[in-house]
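Okay, so chain A shows up in both of these, paired with chain B first and chain C after.
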Partner chain A sequence: MARRYDTRTTIFSPEGRLYQVEYAMEAIGHAGTCLGILASDGIVLAAERRNTNKLLDEVFFSEKIYQLNADMVCSVAGITSDANVLTNELRLISQRYLLQYGESIPCEQLVSWLCDVKQAYTQYGGKRPFGVSLLYAGWDHQYGFQLYQSDPSGNYGGWKATCIGNNSAAAVSMLKQEYKEGETKIDDALALAIRVMSKTMDATKLTPDKLELATLTRHDNKTYIKVLPVAQVKTLIADHEKKEAAEAAKSKPSTAS
Partner chain B sequence: MECVLGISCNDFVILASDMTNAHSILVNKQDEDKMFKLSDRLLMAVTGESGDTTQFAEYIEKNIQLYKMRNGYELSPPAAANFTRRNLADSLRSRSPYMVNFLLAGYSERTGPELYWMDYLASMIKTPFATHGYGGMFSIGIMDRYYRPDLTEEEAYDILKKCVAEIQKRLIINLPNFQVKVLDKNGIRALNVIKSQNLTA
Partner chain C sequence: MYANPNSIINPSLWPNGPAPGCFFNFPGTSVTSTSSKSGIITRTQSPVTTGTSILGLVFDGGVMLAGDMLGSYGSMAKFRSIERIIKVNNSTVLGATGDIADFQHLKAIIEQKVIDEDCADDGFTLKPKALHTWLTRVLYNRRSKFDPLWNTFLVAGIEDGEPYLGCVDKIGTAFSDSKIATGYGAHIALPLMREGLEKKPQMTKEEARALLINCLRVLFYRDCRALNKHQIATITKEGVTIENNIELDTNWEVANFVIGYE
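Then we have the complex of A and B:
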């Protein structure tokens, strides 16, 4: 019965739902996981890379993490072509603000602006919503380090740690238990990100080519956005596996026979 | 004909503007307020085409307020100055540009006090002291001579009095009254109007 109302984005269902928006979110639930963690001295973004085909020619060095402006970076989950349109728009919005005001756009304003654009696609035009959720990591004078998440409905929220994409619910509940507010520095956040990603990703073993890691930090009044090189990701994964092995050995005392 | 003066020091910015409103040979009033309060920490003293001055100043003022309403915090002085200049620059190549020259004074915790000079061609400079108008040409030399970044409010006011005395002595047009306002961490305050009577001392 509800199918009758699916055909247009601009129509509510009898139960008061917007099916197209929900279907978009469903699409994102099948996409590669992205998570973000706020530390006291920076922000970590981790993303699962799905396109690991050997035949792919590495043109872009980052598949899911995009720099938006001098002080902000985002990662996407969902339909890649939709994501490209949105990140391009985010970059345009940032530069327009910079042109007008001579300073970087405050994080929430950028997120809010794009979400207004996304919302328009749920109310008029007869076009489908964007099948993308985004995680935004940024710094501004007003509120310091911030992490935001937005979804196809045009809603957004500020987070201390969150996850989008495949298995995101499991990741969020893990983060809820393990994230320590006020006690997390960048290195703790990186370790936590690896721990959570290893549990939620499809692969049996974490390898650097399946995982993208980026950090946003501040030194000397300047923002530094770094996509971690393969070597560093390898080291972090190795550290994680060592810790896992150590914990496994502890919990299973050798049964002396 | 019109004149505005501005001095920015370590703790405050002080602006002075003449109070004469005239059309050709006729003086309409001698107590016109040419300063516009854009926000609690932004003050603009405007000269130029009658009508354009008010239109432009009020347009900027309302946009600054809108930003505050939308975002919950105010534009910093450099951002407000850039925004103002951008609007002026956009209007320059339109059908009818704004003919305004002004000084923009701002204060914020992060930047401290700042003074921006902008003219009708949308040039902008941030500077410790500045003037507009014929009267300004007499005054800028006096400011060069006496300016220090660590002036007190009284000392800065005295420098403005010297400038006004010179303007009233040497400028052919009579500008008897100058309004003075100070902007510091506590906001905007009006000081005593510099009148020609008070200066013959």
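Then we have the complex of A and C:
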């Protein structure tokens, strides 16, 4: 039936679908969750770390969060090797712009450039699309803090809060309920990120080794990108659990009778 | 005649594909070719129609550029209404010394850049320092291929609220300063500009204009490739104004004292 139309990316199916692109998005749906939240004074990126094997030699500081340039950071969901090619290219694009113009590339221009490349892989060449979705968090002097999401089709959008990867739909609907535009500061965003991640991640209990958190903020005309240290993540998780316990105690009146 | 044994032993694993970690070369996109032909081809090494000095001066609240409107064809004063100072956008102005054809080539490219920016409509406009950096990269890369754009450029404008004045030459040497002059101006006008700035580091617009006009007059007296018809560009936070066809009154009475001049 439709099997005949899904082996090559460059052709439509009779129903007008690009199966390879959809299969790529399916692959991402099985990958570790990534979530981004825009606050009035910065941006939070949270990512679920899947490679928690103790035998892993800690070569990387972060598994899913990559700094792209002085003013942008991204997190990836999907096939890791594809993600590495794309983040490398994003960094090269940023540096080429910096060399040519002596200033940082505007956020949307970087996202747009990479998305044009991703789209080309769905239309020319007979190569498969990249099985990666990315969340980009960045700052520029025109639009301030921005959060973008891109997917294998080459489509991108600007978001106030969004999620990609495993259980992303559930996370996005949670964010829709709980995100307060204009009233969210970085600490609120961090707390919200933990709340959402705890509900959407597979693990029964959140531990710092399974969660990566990064923030992007501005002080004194400079952008600061920080991947939170384990101790800070631990504290945030502890705060979250305390709050959860308090709420549970409130809603469940004393059963002692 | 016989099949190449290498192709049997090491068949291409990845025919026509991208190198691992690199991108596939899509048809129709510009490819920076890394394969170099043997040797370097040297092209024309001398300019044809040229412009002489351009002067640039930072004053309190802005920058001013001045230059004459002559395109010299060797020793012939052939084109006498060439605009060597152009407005790039509301915060940037560019002036050129040297080969006019090379300047016009870059002018077209820069104008296209401004149009592309307009199309992108994302609020970002080319700033003077960014233009200066871009020009430096272009000129240096051309020089490295032994095919220079035979010009010296002055980029002037307002960068983040502050006046900016930068210079790049045909070999890619770039710098920025509060007073710059190219061509003969560097030898004749720059000392006058330095003196003026030392006396008053924060000149008013009128004082800067007077100083530049005086320098232009001296250059007309002394530079054999100068014309008594000038452009003056002023860039402030309010925007860009370029005045054309400014003629200066000159006094040639001293010529009577030159022995042999009849």
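Points to keep in mind about this one:
One rule holds in what follows: the second predicted complex is superposed on the first by the 257 of 257 C-alpha atoms of A that agree within 3 Å, B and C clash if a C-alpha of one lies under 4 Å from a C-alpha of the other, contacts with A are read in each partner's own complex, and residues count from 1 in each chain.
The rule is simple: contacts are C-beta pairs under 8 Å (C-beta built on N, C-alpha and C of every residue); 3 or more make two chains touch, one makes a residue touch a chain.
None of these values were measured; they are calculated from a predicted model.
Superposition model on chain A: chain B and chain C are shown in a clashing arrangement. In the superposition on chain A, A:229 makes contact with neither chain B nor chain C. Counting the residues of chain A touched by each of chain B and chain C gives the higher count for C.
Shared-chain residue A:157: touches no atom of chain B or chain C. After overlaying the two complexes on the shared chain, residue contacts for A:103 are found with chain B and with chain C alike. Contacts of A:88 after superposition on the shared chain: chain C is touched, whereas chain B is not.
When the shared chain is aligned, chain C comes close enough to touch A:124, but chain B does not.
In the superposed pair of complexes, A:144 makes contact with neither chain B nor chain C. Residue overlap on chain A between its contacts with chain B in one complex and with chain C in the other: 99-103, 106, 108-109, 142. Contacts from chain A toward chain C in the complex involve residues 85, 88-89, 99-103, 106, 108-109, 117, 120-121, 124-125, 127, 142-143.
Those residues of chain B whose C-beta lies close enough to touch chain A in the complex are 71, 73, 75-76, 78-83, 86, 110. Put simply, chain C touches chain A in their complex at residues 17, 21, 23-24, 26-27, 29, 120, 122-124, 127, 129-130, 132-134, 137. Interface residues of chain A facing chain B in the complex, by the touch rule stated above, are 99-103, 106, 108-109, 141-142.
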